[in-house]
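In the two complexes that follow, chain A is the common piece, with chain B as its partner first and chain C second.
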Partner chain A sequence: MTLLQVRGVTKRFEGLVAVDSVDLDVGEGDILGVIGPNGAGKTTLFNCLSGLEVPTGGEIRFRGHALSGRPDRFTRAGVARTFQNIRLFPHMTVFENVLVGRHCRTHVGLASAIGRGPRFRREERESEARAEELLDFVGLQREGGVVARNLSYGDQRRLEIARALASEPGLLLLDEPRAGMNAQETRATADLVRRIRDRGVAVAVIEHDMRFIFGLCDRVAVLVQGRKLVEGTPTEVQADPRVIEAYLGTPTG
Partner chain B sequence: MRLHRPPPVAVAGAVALVVGCLSPWATFAGFPGKMSLGGFPGGARLFCLLLVAGAVLFVVDVGGRRRAALATAIGATAVVVVNLVALVDQGGDIGSVSWGAWLALAGGGALVAAAWRLPSGHPPPEEWRRRPAAIEVAVLATGLLALLGAVVWGLEIEESSRFVSFLVFLTFSAVALHHLGLFSGLGVLFNRYPRIAMLLGAAVAVAFPFTQQGNAYWIRVFASIGVFAVAAIGLNVVVGLAGLLDLGYVAFFGVGAYVGALLANASLTTVHVHLPFLLVVLLGGCVAAVFGLVIGLPTLRLRGDYLAIVTLGFGEIFRITANNWDGLTRGPNGISGVPDLAVGGFDFGASHSLLGVTLPGFANYYFVELVLIAGAIVVFTRLNDSRIGRAWVAIREDEVAAAASGIDTIRLKLLAFAIGAFLAGAAGTVNAHVTTQVSPDSYTFLESILLVAAVVLGGMGTVPGALLGSTALFVLPEKLRSFQDMRLLLFGAALILVMRFRPEGLVPSRRRRRELREEAPEGVPGLAGATGAPPGGPVS
Partner chain C sequence: MRQFVQQLVNGTVLGATYGLIALGYTMVYGIIQLINFAHGEIFMVGAFGGLTVYRYWLPESLAGNVWVALPAVLIVAIAVSVGTAVLMERLAYRPLRNAPRLAPLITAIGVSIFLQEAVRLFYPGGKRQQPFPQLISSGTFDVAGVTVAWVSVFVVVVAVALMVALQVFVKKTKTGKAMRATSQDPESAKLMGIDINRVIVVTFVLGAALAAVAGVMQGMRFAQIDFRIGFLSGLKAFTAAVLGGIGNITGAVLGGFLLGIVEALATQYVPQGSSWKDVWAFIVLIAVLVVRPGGLLGERVATRA
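After this line comes the complex of A and B, so read on.
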């Protein structure tokens, strides 16, 4: 069953075509890898898929509905993301960061927040329980009261994932989730991605680490100069001569 | 408790200061506090003498004693210096300074030198040992009473030089107590008993008019502070929580004031309607909130400096419109003769006698404003501690990440604007009655700046900060009337000092403190204190 359907998405920046009519499908339970040389348009594609950039052309459908507008609409529809250069709320605590992620799934308004009625308290309790569960899930259960800025690099990435999961997404976009991590942390991240999939959340992940991508993903899409060159299983992609020519010929580590 | 042997320099300095403070400081009669006479600590000499008590820290081993001792020593010296300048100014030459002052100055210098050489020692405990609830509440109550006492004491001081000495005394005592951990300890207690603390605070605020013995002057000033404080809390939602710098905020206050004046059937007005006061307050708030939305809708897509500039423009548009719309606002003449409030036969303009104290009419407005402040506090704290408040802070921290986390940033920014405007508008309606007239020149750019300054000085994102900031900004100019020409200059200097030594404001929120003190972990006094310089305080 297709979750995300991308058809002909194009993003032009004055003359430069960063993403050139890309088609992409992500099904329920998929882990899709997106690879490509630097400047291939991977992050721009993710920005289009999460509403941070408005595509110049094409269509994005999620669960059958067309997505457009500001980023919060995409998140509410069920597409959550993390950032290549971690973007947490640095001076809020770890717990508060995750609670912010609950925003689009909670509804109390002004009057209820000021009046502190039973609905407000029930919703806050639910949010807090969810946040605790998520911190537990990513392994930050002991760090709840720590200021986000003071977390280690790997923990900051994990917190960003917990915050994204708090919005109960159907699809999670991870932009280089293992950047700056050592081998052991990388394995833990791959494991975390699999466990996220097991929760019923599809994952699309941008990475430069080939071993990470080929060991983790069900399918891999290769982007070169804004275009999708190949898409297939890791074995197919690895064997494809065009990929080897365009990308694997120049090892990037 | 371990005791230390005080260094001889400290003992000599303290003795010199005590003797100096009991000796004449002036060679001519007529200086406030009978300074030409010895044998008693008259005038500013009392503040100096009280600060000498800090010399006890040379003996007693408590956390943070070096910085506290340094603060009291510098404070005592500063009091002497302030009075030296005043003495020379009034007496005409250096000969008008008597030997007592010189002795005190030397003693102060010796104390500073001795305190400088104290070992840094250990920091004060972040939290006091738990004690029975009754004792902890009593400590809280004592702290709040001391605050009231300090305010009342300060207001009673008439002469400028003596008041400046008092300010120096207050500032450096506060710095010393801060380094001894008093305020963080009280803060912990405050958070432990929030409701009791609020009630105690309210009781102290209600008690204030009773300390004035029927004298209306300061009650009138505090009636002005009250409305300003409500507006400052509203601005704190916009600036402190959502991080939107609004430089035209006073326009919302003005909108409320015009609504209040027009609907109260003033003697010189264009609209002859008289609605019940409670309705007018709500209406004023709502009209201002609508203005907030109208201004916010096109501008809130802007960020940072751009937003500040555009809001500044809107503030001016309001003032100029009010100045020219003769048919509604009576132009530069304004609406005047706003009648006193009368609810159910109770005339707010008249004095009333209560508990044997005559309360002037302004006290009634002051009490109304206290209710309004309480309402604003409830709105502020409860929103702050909800999904809405978290979303605001998230927007301030990283707008892109907030949007990507599912927050409708435009909508929440509009909400912050509207709530801020509502509070300012409600305050404005009351202000129309307090000042009995409303005219465009009360809503200038400078007023907006003063409001922002009150919030920044007091501490962004906290209620006590907004209250303290607005009180300081009103009381100090009233008290320093003899420096009238230099008021803005002194005010600017005070702002610079606070920004240098305590950028997070006098009563900062924890989060704000984290932002501005990148290096120092929580609970450790900032780097500024390490040089022995005083962290801020309303020095003028």
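After this line comes the complex of A and C, so read on.
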């Protein structure tokens, strides 16, 4: 079943078309790879899909409903993301970072929080239990009390994923999740992405590491200069002469 | 020695007020990187709100009853300050949210002048000093030769209680966590489903409420207020916030008390110190900016353009 349906999404900055009428589908349980040369518009596409940027044209439907407006609506609907350059709350603890990720799933208002009524305490316990479970899931169970900026680089990436999962998304957008990682960490990340899919969360991932993408994804979309050039299985994409041309250029002369 | 302790006590009382006002500067700066120069006037209109309820609304029979008069004065003062701050944010600052940083700064100065002039022109007798009720006993008591006024005890106890409450709020509650998240990375905060506009309004409301309490305290201690009290107190509280490290809540409290104590001691021990009493704060400000531009507890210097 289709989870995310992107139709003709376009993002124009003054004089530059960063994303040019892109169509894309992500189904439940999919791992979709998005690749393309630098400046192909991959991150801009993710920004549109997470509500950080308003597309100039086109439509984004999630679980059948059109998505638009402020980013918190996208989060509430079930789209979560991480950033290419990690964007944690650096002065908060690991545990607090995940709790803030649950912000859109807790409802108790200020009044009952001050009164600390039974609903508030139940919700708080639930949130804390979920946060602990997620830290466990990404392997940070022992780091809960550490201030986020003191984590190692790889752990910061994993925390960002845990924080994104805290909003209980149906689709997780990962922007270069293995950037700066060594081979071993990269394998662990691929494994983590598969386990996320096994939890019932579809994943769309931007990466430059071809081995990572082709080993992990069910389908791969190639963006070149804002346009979707090819989409298919890893085998199809790897064999497509247009992809090779886009990356290496055409031999001239 | 006795004199020294006496000045420490005086400085602590002075610093409690600075600290309360400084919190408003530091919180707003932490969230939207705006030096809200109109914050001193929020403090001033709070004092006038408190004066108004005492002078015009409280029946004579109740005005002498501290358990009625004091809460009434505080509540109305808070309501007036909070109302003014919310309107100011909505009408003056929000439309400039994405404007270059200089625009809201200049606007803040404009709002400051606007509020001063509004009180001067439209408050009955606003051009002159207004007597402010004492509300609680004007008496004093002695501890080991040091004289302490009951008002001073009230000021320090209430200020410290509010400072602790604010810390708990920011650390423990969902809204408090949302505030911290917004100050550390607004874009991620939005993605977490945090309504930034609401967080900003809450920030202004908290700052204004603390300033209103400080305004009433100031009125009670000096027994008079006028439309200009926000200027100097605001400037000194801003200095306290910078001294502690602007954006840092603990820093604002620390800066407030330090500044109050420096001012009290300098006034006592420097020859002719008392005629220079409004100068010390700014000497401290300049010294801090030269030696430690981030403030005592500040660390994030120039992390944002």
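Keep this in mind: the second predicted complex is superposed on the first by the 247 of 253 C-alpha atoms of A that agree within 3 Å, B and C clash if a C-alpha of one lies under 4 Å from a C-alpha of the other, contacts with A are read in each partner's own complex, and residues count from 1 in each chain.
Just so we're on the same page, contacts are C-beta pairs under 8 Å (C-beta built on N, C-alpha and C of every residue); 3 or more make two chains touch, one makes a residue touch a chain.
A quick note: this is a predicted structure, and the numbers were derived from the prediction, not measured.
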Could you classify chain B and chain C on chain A, in the superposed arrangement, as clash or fit? clash
Now for A:Val147: first (chain B), second (chain C), both, or neither, which partner does it touch? first
Residue contacts on chain A - larger count, chain B or chain C: B
Name the contact category of A:Ala188: first (chain B only), second (chain C only), both, or neither. neither
Figure out whether A:Ala179 sits in contact with chain B (first) or chain C (second), or with both, or with neither. neither
Classify the contacts of A:Gly101 with the two partner chains as first (chain B alone), second (chain C alone), both, or neither. both
Partner chain(s) touched by A:Arg76 [first = chain B, second = chain C, both, neither]: both
Where on chain A do chain B and chain C both make contact? 50-52, 70-72, 75-76, 80-81, 83, 87-92, 96, 99-101, 103-106, 108, 110, 113-114, 163, 167
Residue positions on chain C within touch of chain A in the complex are 173-175, 177-178, 180-181, 184-185, 187-195
In the complex, the residues of chain A that touch chain B are 50-52, 70-72, 75-76, 80-81, 83, 87-92, 96, 99-106, 108, 110, 113-114, 116, 120, 123-124, 127, 147, 149, 163-164, 166-167
Along chain B, where are the residues that touch chain A in the complex? 378-379, 382-383, 386-391, 393-394, 397-398, 400-410, 415, 419, 511, 514-515
Could you please specify the touching residues of chain A with respect to chain C in the complex? 50-52, 70-72, 74-76, 80-81, 83, 87-92, 96, 99-101, 103-106, 108, 110, 113-114, 163, 167
